[in-house]
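Next, two complexes with chain A in common: one pairs it with chain B, the other with chain C.
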Partner chain A sequence: MVGHHHGGSPVSDGPTWADLGRAARAPGHPVVALAGNPNTGKSTLFNALTGLRQHTGNWPGKTVLLAQGVARHRGKSYTIVDLPGTYSLFASSVEESVASDFLCLARPDVTVVVADATCLERNLNLALQVIEVTDKVAVCLNLVDEARRKGCECDATMLEAELGVPVVATVATKGRGLGRLMDTVAGLNSGTITTRPKRVVYDPDVEEALAGIEPLVTRKLPPGAATRWLAVRALCGDMGALELVGDMSALELVDGTGGAVRKVTEGFGLGPAPSWPAARSTTSTAGGKSS
Partner chain B sequence: MNPPQSPVTVADRVVASLYRRAESIAAKVIAPRSPAQDLTPVIDRLLTSRLTGFPIMLLTLGAVLWVTVVGANYPSQVLGRLLFDLQGWLSGAMTAAGAPAWLHGVLVSGVYRTLAWVVSVMLPPMAIFFPCFTLLEDLGYLPRVAFNLDAAFKWAGACGKQSLTMSMGFGCNAAGVIACRIIDSPRERLIAILTNNFVICNGRFPTLIALSTVFVSQVVQTTIGAGAAAALVVVGIVLTGIVMTFGVSWLLSRTLLRGVPSFYTLELPPFRWPQVGRVLIRSVIDRTVFVLLRAVAVAAPAGALVWVLGNTVIEGHSVIAHLAGWLGPLGRLMGLDGFVLVAFILGLPANEIVLPILVMSYLGSGMMVEMDSLESLGILLAAHGWSWATALSYMLFSLLHWPCATTLLTVWKETRSSRWTFAAAAIPTAVAVIVCTFVAGLVRLTGNA
Partner chain C sequence: MARTNEAERKGIGPLALLAPGEAGLVVGLSAGGLVRRRLLDLGFVPGTVLRAVRRSPLGDPTAYSVRGAVIALRAADANNILVRRAPESTGATAAAPDD
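Right after this comes the complex of A and B.
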């Protein structure tokens, strides 16, 4: 059996994500990824958009593999990819790895974050991570009817201003708001809608470390890859992300940003993050990354 | 993610920054209104409390099975009568066309009769059970079940998500094995794969329902009472399977697959009223028709094969009778007979056809009945020496024995290991032989049956 460590196997197969992105990208078929927490109606939305029959059970974590379908909107076809439901884009489970790697490496043309309006705060956590990864992103505020029944009214306009990306309220089960959602997707894809994501600003020393790591990550990845988020993952000691940039050796990564990283970890009386030395032995696993 | 002795890591601080931001945005964006009464916490307390959680689970299971048993009875009879009337007509047509006896035998007595049996006995319970199950699934009840059973899985050294893969197994064990992908730890995934077979799949449900109906109705006379009693028997069998799952998981995690259970998060989703119409259509088309077509596709050639085996005579006995003779001692040890074991072996492609094969081989050995109802099934089985104890042994063997060929193939695809695929067949078979032998011994000791 394959050994199991956080964020392991899917990333070592890195090139497949890029391949998948390319394969899905039929000419004139923009790729739209649906990301979201489990049980936010993501699969229902996917079915409504694509007309495919995909089983949508009411339990978390059901979609393990990527479902893919075609949506037609105003005479144009879009490839819709239903990512596994995850609470974050750190790669601490297979689902998270799959979702994170798809967004970071396969680079969909547009990403839609499906958020459950009944528990917005937890869903925002993922949305904030996704806007770290890409500019071409919209938030689909789903289940607004249920939220209203439960007594919470979400101000979509204010949310839009806070995140800096378009927010569309929907009720996927009844097909409400889906036209406007696809209009937004089309606009993001063609560039008629531009976003100014308001990204999270981390603690100053963390930002300093990121500034050191990100150029190194950029050097090792194909143009357009989500370098900032991969740098965040690498800084957090995520083995998958380290393997991904492993081509240049983790040693270089530590040397290049040594000061900053040391400050971050030692500021709390800790040594370097425990997974870093291990990464040294797994250099250049991601050799074919730039192909 | 981080060792417990490190109170704050970079990862923690990054996550903290994200959460603070999410919290501040949510605080600005959400305008609380006077909340409508939300019943979810109240219902959840009932469904997951120590006191009421398990009784409600058992009652739900019992109710679904009772509805299935009672509801399936009448349509089963109507379908059976219709299909066997058609058999007479087919027979007549073939004789009129001057078809040779062997062709008539293979096509009508072999293929058609097996098909008719599969359709009339399997279709009604599936058409009732699947929608009920899908409704529970869409309502959001299954994660509550997983929550209730979590402690038991922890005890067995397995992953709590295994209850979700078991739920899938109720539909089809092959689907259940595929669903094991949701379990991250390879060790726990293997445990879930190897034990999925102990959940009764829909290929075996109709058989259990038919047998318990037949043998319970000999004891309980009223229709409603018999239905309830038969449902209770099936609940008992299902629970035995679940107990076996825990037992074997426990054993595996202390022998072949040693380890400590890993943690996981499971969200209890809000209850959502299922879209009943869509559920009905989906479960009828996706599950019922799919499973039925699969059964029919396997049953047709199997019916032909069994007819040939039952009518090829070597040294005065049919091939099936010879096989049954060899397996007889082992069968009787387990409270069964040789014919039953032959049927289970020939039924490897799909569990749905085990009982039809058995009926065919019993019929082939001289007894001719119109097999158009459950009563005639009871008469046929009794004529071959069946008592309630035989039925019990049969049901236990059906519950515990090796998985069908489709499931084994799926296990191989998921594990890519012939060793684990072999284990997936060998472990349940060993359990089945041990349990049935034990139960049959008990029955013999107490002088019942």
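Right after this comes the complex of A and C.
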């Protein structure tokens, strides 16, 4: 497959997530993010949707290149962003953190999760995480030709009912289903299509801790950021999430929740994560597994 | 160590013990926190059948076929995954999630 990084050289002073957020709010020019596991056909889809109307930019502070392009659909232009492949929104590499930060902070108008129909189960992990982050989301069930070749019929309607978001079957290499995909993107953007995403409700202890963290996170982030998900990441001791909340230290965060965080992490037997300060000796010993 | 021996008799051990071609069933994860989260995100969920595919010339990392993708893990990470070796595993029969 032709690489997608042609048509422009990397720019060092690319847009910040705030710039991208502003672009997203400019009328008539929605931002659409393509997220998905590696090798699900994101770049193939990106190329098919944007043709040669592409350029790349650097994510602020990172060396990862983000390909952006313009898709025209029914007289309207959409900025399409081809995110690095990731298995999770819990980032464990720079590439993954770019994908995760883009979805949580730049807040695209519409997110498309590109899923490989030949190993759907694996792909649903990320899909469910993205569904936790945004309402304006569709699943692009790609490679349905390969799945069929392996004897697997995909029931997009049933999957749609299970997830509560639109599912569009595609064969990106042949351009099949792309019109319907863009119709769905357009409908999500304009609000003519609404979703009822199936969301995870955690155990009461966890929900209590999240309720404590979320306001603290919200205070530090721009309006519209995916605060609940960032609270989930912070609760898991994800340093990336703590970095995002700027000058807030792990200690501040733990203190601010009145012990709810510690109760949860110790209840799971995780012990204090490396990011949690060890100074709080009365409660930070790993022994407290009871309850 | 009595416990370890008992576990070994049942064919349970860390994933890193699987030789290329051997299949196993994930029975548990011994890591907590973000490492556990990461392994689950990569598809190493208890109940999953997987197969060691190949080992790098230096012996580490090893690539595993798991839930339709090939994932490379260092032994340090693979040791957090407990597997039950497939009976008379040749790799071809019990687990071919990727072929």
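Going forward, the second predicted complex is superposed on the first by the 233 of 291 C-alpha atoms of A that agree within 3 Å, B and C clash if a C-alpha of one lies under 4 Å from a C-alpha of the other, contacts with A are read in each partner's own complex, and residues count from 1 in each chain.
Just so it is clear, a contact is a pair of C-beta atoms (placed from the backbone, for glycine too) under 8 Å apart; a residue touches a chain by one contact, two chains touch by 3 or more.
Just so you know, these numbers come straight off a predicted model, no measurement behind them.
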Chain B versus chain C as contact partner of A:Glu121, first or second or both or neither: both
Partner chain in contact with A:Cys236 - chain B first, chain C second, else both or neither: both
Touching partner for A:Thr173 - first (chain B), second (chain C), both, neither: first
Contacts of A:Leu66 with chain B and chain C, given as first, second, both or neither: neither
Partner chain in contact with A:Ile193 - chain B first, chain C second, else both or neither: neither
Which of chain B and chain C A:Phe90 touches, first, second, both or neither: both
First (chain B), second (chain C), both or neither touched by A:Val201: first
Comparison of chain B and chain C by chain A residues contacted: B
Overlapping contact positions on chain A, where the chain C interface meets the chain B interface: 37-39, 87-88, 90, 92, 118, 121-122, 125, 236-237, 268, 270, 273
Residues of chain C that touch chain A when the two form their complex: 32-34, 36-38, 41-43, 67-69
Residue numbers on chain A that touch chain B, as the complex places them: 1-2, 4, 6, 37-39, 53, 55, 57-62, 64-65, 87-88, 90, 92-94, 118, 120-122, 124-125, 127-129, 146, 148-155, 158-159, 162-163, 173, 200-203, 206, 209, 232, 235-237, 264-265, 268, 270, 273-274
Parts of chain A lying in touch with chain C, wherever the complex brings them together: 37-39, 87-88, 90, 92, 116, 118-119, 121-122, 125, 236-238, 268-271, 273
Touching residues (chain side chain B, partner chain A) in the complex: 1, 3, 6-11, 13-15, 17-19, 21-23, 25-26, 28-36, 38, 137-140, 142-143, 146, 161, 164, 181-182, 184-187, 190, 265-267, 269-270, 272, 274-275, 282, 286
